[in-house]
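After this come two complexes, each holding chain A, first together with chain B and then together with chain C.
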Partner chain A sequence: MKSLFSYKIPKNILISINLLGLLLVAFYHNSINKTTIITVLGLIVIIYLSIFILSKISSGDEYIFLIVSMLMSLSIIMIYRLSPELGLKQVIWFVIGILSLFISYFFIKSIKIWPKWMYIYIFISFLLFLTTLIFGKTIKGATNWIVIQNKYSFQPAELIKILFIFFLASYYVNIDKFENKLMLSIVSFGNIAFLFLQKDLGSALIFFTIYIIIVYVYERDRKFILYNIIIASTMAVVSYFIFNHVRVRVEIWINPWKYIDTGGYQITQSLFAIAAGSFLGTGIGRGYPQYIPEVHNDFIFSAYCEEMGLLTGIAIIMLYMIFIYRGIKITLEQKNKFYRIVALGITSLIGVQSFIILGGVTKMIPLTGVTLPFLSYGGSSLVASFASLGILQACSEVFEDEKEDNYGQEE
Partner chain B sequence: MFDILSLMVRYLFILLIYLFMFGIIRMIYLDIRGIRRRSSVTSTYLKLINKRDELPFNIEEYYTLNKDTTTIGRSSSNTLSIKDPYMSKRHATITNDRNQFFIEDLDSANGTFVNGEELLNPIRLENGDSIKIGQVNFLFVHEKNE
Partner chain C sequence: MDRKNKIENNRIITVLIALSSLFILLIVYLSYFEIFQADFISNNNYNKRIWKEEEYTLRGSIVDRNDLPLASSTQLEDKQLREYHYGPLYSHIIGYNSRTLGKEGLEKAYNKELLNISKNNSINEIKKIMSKSNLNPKGMNIRLTIDHEIQQYAGELLGNQKGSIIVMNPVNGEIYAMISSPSFNPNKVNEDWERIIKNEDSPLINRATQGLYTPGSIFKIITTAAALERQNINTEYNCKGQVTIDGFILKDYSSKGHGNIDLHQALVKSCNVAFGQIALELGQNNLQNTGERFLLNNPISLDINTKKSVLFTEKMSKPDLASTGIGQGKTLVTPLNMLLMTSGIANNGKIIKPILVKDILTSTGKNIKTNETEILSSAISPEIADTIKNMMVDVVKSGTGKAAALSSVKVAGKTGTAQVTGKKDHAWFVGFAPADNPKVSIVVLLENSGTTGGESAAPIARKILSKVLEKY
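Up next, the complex of A and B:
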């Protein structure tokens, strides 16, 4: 019993949080019965088993998956509290996510010619964008969903994020063979323009930041970085005056109280929720987070702040920070250039995405709708996040063959 | 009833989340310290084989054997003191005799195992031997620089 609470074995704390939280929430919904208990135990077994399998098959980092399973446990507890149906779906998505983690992990490890497929990445991502533009459905103000038979829907932008990182990595690996800045800029800004057309401003911002970070680290021509930043900022200012949906976001951000009954309703409710929670929170099931529209999705952070307190909110931000720290550490230790750029890209993807939405719900930056990685409810976002986690896990290992290429024969 | 439970659980929850984070930061800290140690280690050292989060006591990734006699045991008077409950107070010694290393069991309760065999008499350690003391598994690394 003592070891269940010992900080020296973090995975046991994970288990006790899961048991405690899920049973409390099941009690709140008056649904302690056979199915709930089997689901809870199954979930714990899945988490324990995947930590165990990962530590056996992977010689790389052992912390990132622990951090993510903590975030994921918190996510399931809160979404189950908000709505039992969505909670059950989130468990299913979690299982699919774990599967996608292992699939992407083996995929990355078994294929050795990733850097050579640059044109394939460009082609697939533009194809996906075109299909979204033609067949896309507008859900919640952004035309970025593809719905198949009115049943299954997914966001192609989630997949394109990973393809974009792979494209940038393969470009900088092959930079000695051909250097084509025009193509780099056209592809990158083309991606961003497509997202802009779909009114998916959050993803456009994520793409741009990843692009700038990787270019900043690997571009030899320092002026090129400056030009990029200047062009992007002028474009941002111009779009404020041209596009209505950009202007509305900024105006709501500056003064949400003026639009409290229309566009500013969501953000003001979120601020009320965070304020109501104070340091220790109202306790699970005793707050009113359901007053915030879309609370299980983009605004889940406000629900944590209300019911589990600001201290939990700070803890979540710190978990993301430890995750990013590990990601940068993996980047620094990886010797293979391609995997190094991919690790950097994925770390910045998760870091930037969580920053944008955390800043958005706390009214630090204008709100743009992106999901909070590993915490929000959402199928395609969760699967994509887990797939990128699998890639990061593969990047944290040593790739032997590349070493021999670099150093020649050792005998 | 539910209200009281929920109010009580929230304290426990925050405590557990922070404990978890503290645990992770501690593991990362030990990891960084291990890397720094390794760069300064001499050519002979013991490397931990167990995953550190399986052992509920303080243990390091590398232990250098730079003294003539290294004693291993639970008591803090040892050169290498590990608070493993399966270890005796003075469990074993590793002696350096002209760059040859010998391990000797000091009549410990649970014994010392080298490559899976229980130690009865002192034996010479070879590079790559695995040493099991209590719950802890070490790899003996002895690099010859000629």
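Up next, the complex of A and C:
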């Protein structure tokens, strides 16, 4: 009973944040009614229940889900503040996310022959890319959306990210079967080229970084890494001169004020918001983050900086850092090579994706539109992030029966 | 196997360090951004937050020294209306506040006070939240040193003539009036903008503080001061109406010549022949040294924009140096600078910082900040100031400045007629009164009027001095 109220128990901090934050935004919107109260209490029950179930079924890491729950709580508070309607929907997305976490968790654990399916991953990735190319709709400048009945839209790239990590993992598990690196290079750069053609530069960058990280750790031919970096850098420079959409992004990054009426509008509004918040923030509901177009998606970090201050912004950055730390710890403790690579890939995915968009909205690096994992408003990217989390949770467990298996052993 | 695992683990840890470094860099970058860049960025006109603050706080009033409102805001149903009660009369002092054009003048300099913005003060934040439900909070009011009666009178006297008049108290620096003509109507600045910027007479420029003009003979005050400060300078000449310097003929205004003349009479009669040669005797360095103590080549800080006067930018030839000595040549001065020079003579050689804003008051009338008297420069010694003062008294009594004389008090002054290549002459008058106990100093500049300072600028100065001395 004592532990229920102790501040030393992480989930109690989580619940307090939820209660305080949601109470504040509910007051702000003047919407303290039955629906809100039930939603808030429901949310708390869901978090408690998920933590409880996870602790019962999984012997693995007990922190990554807590970190993500904290991020999701902050997400719901801010999105509810921006729009109560979207805020309630985000709660539903949270529930869908938790479901996808459990599904992917059990799915990963129920199948034992993942490393054998390398060609299947390649084939599904290719199929998904093909569908995007044929049926893809252009939303926000990138042709990477599939829209069904004008109602449901999703980005196949979100699923391909996970497939790509699985491909890399099974490739390096079976590395002895390949004589050269043709397969690895074609599939990896093929993926990146596809994304590039769809003008999804952010995802292309994420794919490349994951690829380089895994190659860096597992490639025996060290020169190969260097060649990859040289080729990629050359391609980046060449594409700056060839492709207009690349050049535009870089120019806006260098001087957004020149394009303040057009392409630079969103980033400059984001900088105004961050500047307005200073370190302590204006207070929830006391700033104007809604001046940034699409603030609930890619630019949500600027909304935190304005209303809750840079200190909260730094706290969010640190949550991602702890997440990465836990992910790397899981990687190091995992003995099975396949799951080890998958854990490293997913940790890199979450880490790199967060950095690309955090750096983008703050003008530290050129802006490429990707969502901020677990903070941006819902959609296929949130479901994919939760699915990745489920996989990481599974990877944090010991796979006793496979220790003696051939996979994961070399020499 | 073990070694291999160790290498792999080390590489994974390298990945952790690399990713963490990126995030730490991001934190450092953001902190740098908030500390060093945020303020500058926030002031962009595209930042709608600035205007939110403006809608929310009732902008403070600007009043003259007798609390007569010059600019005030009223709350309409959905927006605020800023009214400049005297239209163009204060366009260069108060400026304007426009959403599309930004802010100018005191509206810009005192924006934070007028909106009562105090950063990072949580008590104020809470006050704002509390008052949100009742009334809009009010900004602070600004009380100027300007006397509306004198400002209006000076404006009427200048009329449509291009030029500037500034009136100030030489002892405490308070500016009573500052006129720059042509002007514009700040109430209609948005509608008139195209016309204003196309106007060749540049109504946006505040000629009083930013206009750069050839000083003409009023510059001889500085040449005189430089000569008095140094021993062994020959100041007595025989004036034959002209003198030839390295082939250049320096002429007097009247070609008859002044005959044998000393420094006192040279200033009273504004003798070019004498001052041209005095400048040569002094040399460029000495003249520049004294000139800079009278704030030429120096920035003059005021709440509105000012420009530096220019004296000697390069090594000069003898004819150029002689021309400089009589106020021609390449020297360019602002009327404000010439007024401060005169005020320095009036105030025993000490130049007092000019001020436009007397007090800053809260909406309830509490005084937050009063501007204090501050010495800008000790230009010359009290003895030399006194000597020059006596000369200037004679300028008005018997010399070129007779038109500025008042029957009741002694006026000290100096006239100037500056020749401008290809255009009509500027007429200047600088002066102060009463000469023995100065209460007011004045500069009158009539741009390209084609008249002499004595015949056109001096009479305007006389009327204004008389009006001010009635009141103060």
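Operating definition for what follows: the second predicted complex is superposed on the first by the 394 of 411 C-alpha atoms of A that agree within 3 Å, B and C clash if a C-alpha of one lies under 4 Å from a C-alpha of the other, contacts with A are read in each partner's own complex, and residues count from 1 in each chain.
The working rule: a residue touches a chain if its C-beta (ideal position, glycine included) is under 8 Å from a C-beta of that chain, and two chains touch if they have at least 3 such contacts.
A quick note: this is a predicted structure, and the numbers were derived from the prediction, not measured.
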Chain B versus chain C as contact partner of A:L358, first or second or both or neither: second
First, second, both or neither for A:I274, with chain B first and chain C second: second
Partner chain(s) touched by A:Y288 [first = chain B, second = chain C, both, neither]: second
First (chain B), second (chain C), both or neither touched by A:L24: first
Chain B versus chain C as contact partner of A:V68, first or second or both or neither: neither
Partner chain(s) touched by A:I76 [first = chain B, second = chain C, both, neither]: neither
On chain A, the residue positions that both chain B and chain C contact, one per complex: 280, 283, 286, 318, 325
Partner chain B, residues of chain A touching it in the complex: 3, 5-11, 13-14, 16-17, 20-21, 24, 27-28, 55, 62-63, 66-67, 70, 74, 280-281, 283-286, 308-309, 311-312, 315, 318-319, 322, 325-326
Interface residues, chain A side, partner chain C - complex: 213, 216-218, 257, 260, 268-269, 271-272, 274-276, 278-280, 283, 286-288, 291, 305, 310, 313-314, 317-318, 320-321, 324-325, 328, 331-332, 344, 348, 351-352, 355, 358-359, 362, 364, 410-411
Of all residues in chain C, those that touch chain A in their complex: 1, 4, 8-9, 11-16, 19-20, 22-23, 25-27, 29-31, 33-34, 37-39, 41-42, 44, 46-49, 52, 120, 125, 129
Of chain B, residues touching chain A in the complex: 2-3, 5-7, 9-14, 16-28, 51, 53-54, 56-57
